[in-house]
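Below are two complexes that have subunit A in common, paired first with subunit B and then with subunit C.
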Partner chain A sequence: MTITTKLQYEVEKLDTIFEKTIDMKHNNLKAVEWQVPQIQAKKDYEDFEFQSSLEHISNDYLKIYKGYRYEAYKSWGFPKWKRAKLDGYEPEKYVSFVPTSVKGKIKGINGIDEDGIEILAKYDFEGAHRKFLLMAEAFSNTGFYLKTEEGESSEPIIINYYWKAPIYELSVYNLRPFSKATVIRVLRSNNQGKGFRTTSNRIVVHKNAYLELININLNGNDDINIDNIFIELEENSRVEVTDIQIRGKISAPHIFFRFSGKGATASVNPYFLATDDNIIDMLYLMRFYAPKTTGSINGKGLIKDNSKAVFRGFLDLKRGAKDANASESGYTLTLSEKAKAEAIPSLTVDENEVTASHAASISTIESEKLYYLMTRGFSLEDAKKLIAYGIFEPVVNELNKFGEDISQEVQNVVFQQI
Partner chain B sequence: MTALLEIRDLRAEVVEEGVEILKGVNLTINKGEIHALMGPNGSGKSTLAHVIMGNTKYRVTSGDILFEGQSILNLSTDERARLGLFLSFQTPEEIEGIKMRQFLINSYRNIHPEDQRTLLDLNKLMTELTKKLDLNQDFLERYINTGFSGGEKKKSEILQMGFLKPRLCILDEIDSGLDIDALRIVSESINNFKNDEMGILLITHYQRILNYVVPDYVHVYIDGRIVITGEKELAEKIEKIGYSTIEKELGLKINEE
Partner chain C sequence: MATDKEINIEDLLIDQSKFDFKSQVKYAYKTIPGLNKQIVEAISEQKQEPKWMRELRLKSLEIFETWRDPRFGVDISDLDVSKIVAYIKPDAKKATSWEEVPQEIKETFDKLGIPEAEKKALAGVGAQYDSEIVYQNIKKEMEKLGVIFLDMESAVREYPDLVKEFFMKAIPPTDHKYAAFHGAVWSGGTFLYVPKGVKVPLPLQAYFRMNNPGMGQMEHTIIIADEGSEVVFIEGCSAPLYEATNLHAGAVEIYVKKGARVKYATIQNWSKNTYNLNTKRALVDEDGIMEWVSGSMGSQKSMIYPASILRGKGAKTETIAVTYAGPNQHMDTGSKVFMLAPYTSAIVDARSISIGGGWAFYRGWLRVGEKAKGAKASVSCQALMLDNFSKSDTVPIIEVYTDDADIGHEARIGRIREEQIYYLMSRGLKESEAKALIVRGFVEPFAKELPLEYAIELNRLINLEIESSIG
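This part shows the complex of A and B:
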């Protein structure tokens, strides 16, 4: 069997699981879906960019996979996002390789094995937008393959991304049963010009495995950062995600949790800070298929100046997710009257025996708290800063366990911006 | 000798409603003195405390507040705190995300910017104080008053008094919600922390705490002003006959809400 036919065969045999963001089906009824308008770029990436992207890849399966994605890419336009004020997109000059520095045991995506290819072929999702997801896959100029051994528990992996050119990431994590891994992804703006990143991450956490994923996005005011992550949770697996989104012209994390195994547990704790004209448009989606699964989304953030934060937390409980437990909360503190916060919680339940809750609140700093601090000698400005910083204190504190450098860096950035 | 605090015919209103709430308060506290301010519920005792601290919810319409002979009316709350005024809250605020330890150290540095004490010294002092007040070991690592019991919150306020070494302490119902053991510990600490340079204004409903913290003066405060001043015995009398009899004796109309 040739490689091409083998992959095709696998794709067909596997019957790709495609997870849409909005999946409104009940029995035979289907809701009419809103189609995001698309705009064709004046000068989109074409064969030249695609061929350059293949230059660093020797893995035949991966080449073929990327080829499929490139074909699909051509048929899409860039989105017009009303909330994020994006009117299509003109790709920046393409660079086929972007540097990263890595600590810990993880391979480049070229080192992906058949198991990994199977993950690529088996799971598909929309991402923040299909075009951006396919863009990351077809034109990937960085990416990783993490594969743990069964029962393995390794040192934390730290990936540093340097924003010297547009970043297109294609990564796969494959956590074998009973293994444990921690991955910290740190993206730093160079604060010079328009940074652009779009990613595609597929993560499978097998039976009884555990993943701790920490995304630290320190964007600049002109950067666009779209982070697409799909996580498949098998039986009794556990996933904890911390998603830190600081600033960005548009910062759009899209994290999808697919609870397919009984007893799987996941939590995602987003922390966001928007200043100036920043727009942080977040989507965290948990879709429950299996019984006795537990998922929680707990977002906290701060907005100031003219910025905007859109917090979408979707809980989708499918028939069969018996005794599932789903919860969601969002809290936004506004430091300016012009800053806008939108909380868009969504709860769809197609199974009777579940527990689900959601709560969202948007508030300003209570004057009583400021007064209390002022009676202890803090100026009004310092009191405001202290309370605002308090939102990030738990996560800064948590990061301490991976060394003071990272937690100090996040603390400094937050302090500078509030 | 200049008084530590002198309040002269002070009148104030609630900013939002324009309703007069302090109706001519006169009070002088010298260094080393303990003054008890007693009065029925809703008489505005706490309001007086907040006006002294400069809470912007209230507006002074006439009169003056002097601290060591200088008017403090134009000072903001934090500036007053840095002069050495301290208020322990009836209901201390819970503030998430700021640990007690950090809060205490920063407060200390705000109030004593010239002080050379090292971080180590301050940490040591804090630990000693938590032990004295019989507070849990993790107290300093918790967020400001967050998840504290009523008693712990009051102890936290007294710990701040002991740690920050203010010159004028206004203790607003420090005794409410304390069981007898906690009341004893809190009272002992107040006596401990007090020195000849410090003045204390102790606001309370009940005479109970005055058995431990013995006042030099007792003031009865009704409807926005001090109506009678006496010594310790006045508090005992109130305990026996109640505020309503005092009001009758003085020919005051009780403002029942």
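This part shows the complex of A and C:
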């Protein structure tokens, strides 16, 4: 079979697993699903941009895949997001290559092999919105292919993104059985204008493999950052994600965990900080198919000024996920009168032999805590800062193990902003 | 539950005929199925309504015709409004004593135990049969205190200004498509006014019965609790099972004035061919208290989210809700709380039971507005899944737009563990009895908010439903 026909075969046999974000069906009953309104861009990317995106790609598999995604892209409009206040989108001038710096053993997406293509063909998801996901795939101007060897345990991989032009990332991570990998993705705003990033990351963590993924998003006030990540968890695999979202005009992480293998475990710890007119609209979704799986979502964050944080944590337990254990907590500390905190914790359960719970709380700093610190000589402002920083302290400490530079940088940004 | 001590479980297993019986009753007037201007005008004509009401109906119809279906909740695509008979007037005059009620209708309510309950424990009763109230009575003492307790049509005639001031003000026809539908064809329901400082010592009750196949019941209830007053209102509903789809699209508007307190309890037990698209809303002023006690047991599909709008400083609300989703039932229920003033507080305790393939969906909306300084709210959702082919979902939306509020939400899903069943069975209970016992424990916080007769009724329903679901 030639590579082209193999890919066409993969795509056409239609056994792609497509994970919708919200799946409102039960036996012969269905519920009405919210349809996000779409708005056509006045000047959307077309063949010219698509052809430019192929300039840096020599891999035939990938070209064909991107072709399919471009076709699909055309049939969608940009979303109207009520909570994130997005009224469609006009794409910025396209640049076919954006620089990144990488430390560690990872290839550019052009180096993707048949296994990687199979991952692209086999798993599909909606992302924060289908249009943005397809945009990242069709017009990718950066991206990576991580493939570990069976049993391998490598040094942490650090990817630095530079916001010189709109970033479109298409990446695939393929963690072979019994291997371990740590990936740290750092996005820094250049604070020079409106940065735009949308990504598509498909990650398969095979049997007994372990992935530690740390996303550090240091957005500027005018940046839009949409980070779409799909993680497939096979038997006894383990995944730990830390997702740091600082500022952004709109920062919309969408991380989907698909528990397909028995005994798989995952946790995601989001930390968010919104200031000025920022909107951080997060979605962390765990869908449990297999028995004895464990997942937890633990979000914490701060909002101040006129900012808004929307914390969506979805736990979806499907029939057959016997003895699954799912939990979620979300905590938002509000530091100013005008800031808006929204939480949508959702728990959907088709299997009764599970343990599932969620909790969300929204509050301000307790005055007792402030008084205590003020009796110790702190000014009101400093006391507030100290308490607020307490939310980020665990993650800053955690980052220390990857070198002081990164943890110091995050600490500085947080301190500066609170 | 106090009732456990007094009542043997075996005694509670009743036959379904208690609710599922069809009465042969003549009707005086019936519209053709569907909804159009002629039908709406005919209803208004039959009721000899003032102009403003007729205009409100026609305006609502216009809105209904242009509005889209709700973009969430149960699938109502197979609900064909053109087949629904909007108005059936029973051949009976409004009576204030049961003797005056036609025999067949009285028998219906006798079977449902309404006249008996009235004697024992109620300050007043309204009974609606299809589209009209057929019986309305209030104890003389209450009347002397100035309490107005009337069917809505009589209230429109006798207190036009008072009704006009409040009618569809909390729930305008533009609220959603079925609020507009309701506005066009509403019929029956209760008007209750409790004067300043009057504390009604016993509950008032309304019972709604749909008897005809393919009909829609659209009663409108208004409760005005004036400053410092207190009242408990209970609503019950049932219908026999037909092949044709019935629609219930009622509206309940409650106005809790300064320092007043209203408790509104519902036991909804519509037959499993009913679409229950009901709207309930309370506007609560300073230091007022609104309590919703909401039991959703029946219907095929339900969308019901009792709402409290806390617009006065220090206003409070409490919602205790139990939803039961049995075979083929899709119950989309929940609560809405809008905290718009300082020092308001809210407690929501929502519980659901799903069994036999049923789908219980909790949908909550809690908004704490910019002015709600010092607001406190806690929302708790618990779901009990009795098997693994049922479904139980919880989706609350929490919006906090002030920095001085303390808001918490928690939810968990549970099941009955085999050990619990074994233990109870080793004590001589059948499996269904053991499950029913555990379920009754689960709904106890709800049951204890109900008057004794209703708590017993709830237990009967639970036993009956679990018996038939386990088979």
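To be clear about the criterion, the second predicted complex is superposed on the first by the 412 of 418 C-alpha atoms of A that agree within 3 Å, B and C clash if a C-alpha of one lies under 4 Å from a C-alpha of the other, contacts with A are read in each partner's own complex, and residues count from 1 in each chain.
Assume contacts are C-beta pairs under 8 Å (C-beta built on N, C-alpha and C of every residue); 3 or more make two chains touch, one makes a residue touch a chain.
What you see is a predicted model, and the numbers here were worked out from it, not measured in a lab.
When the two structures are aligned on the shared chain, A:S357 is found in touch with subunit C, with no touch to subunit B. The wider contact with subunit A, measured as residues touched, comes from C rather than the other of subunit B and subunit C. Of the two partner chains, subunit B is the only one that A:F392 touches; subunit C does not reach it. Once the two complexes are laid over each other on the shared chain, residue contacts for A:Y68 go to neither subunit B nor subunit C. Shared-chain residue A:L335: touches subunit C; no touch with subunit B.
Contacts of A:Y94 after superposition on the shared chain: neither subunit B nor subunit C is touched.
Against subunit B, in their complex, subunit A makes its touches with residues 366, 368-369, 371-380, 383, 386-387, 389-394. Those residues of subunit A that touch subunit C in the complex are listed here as 26-32, 34-35, 317, 319, 332, 334-364.
For subunit C in complex with subunit A, the residues that touch the partner chain are 69-75, 328, 330, 332, 357, 359, 361, 370, 383, 385-413, 415.
By the touch rule above, subunit B contacts subunit A in their complex via residues 53, 55-56, 76-78, 81-82, 86-87, 89, 92-93, 95-99, 103, 106-107, 110-111, 143, 160, 164.
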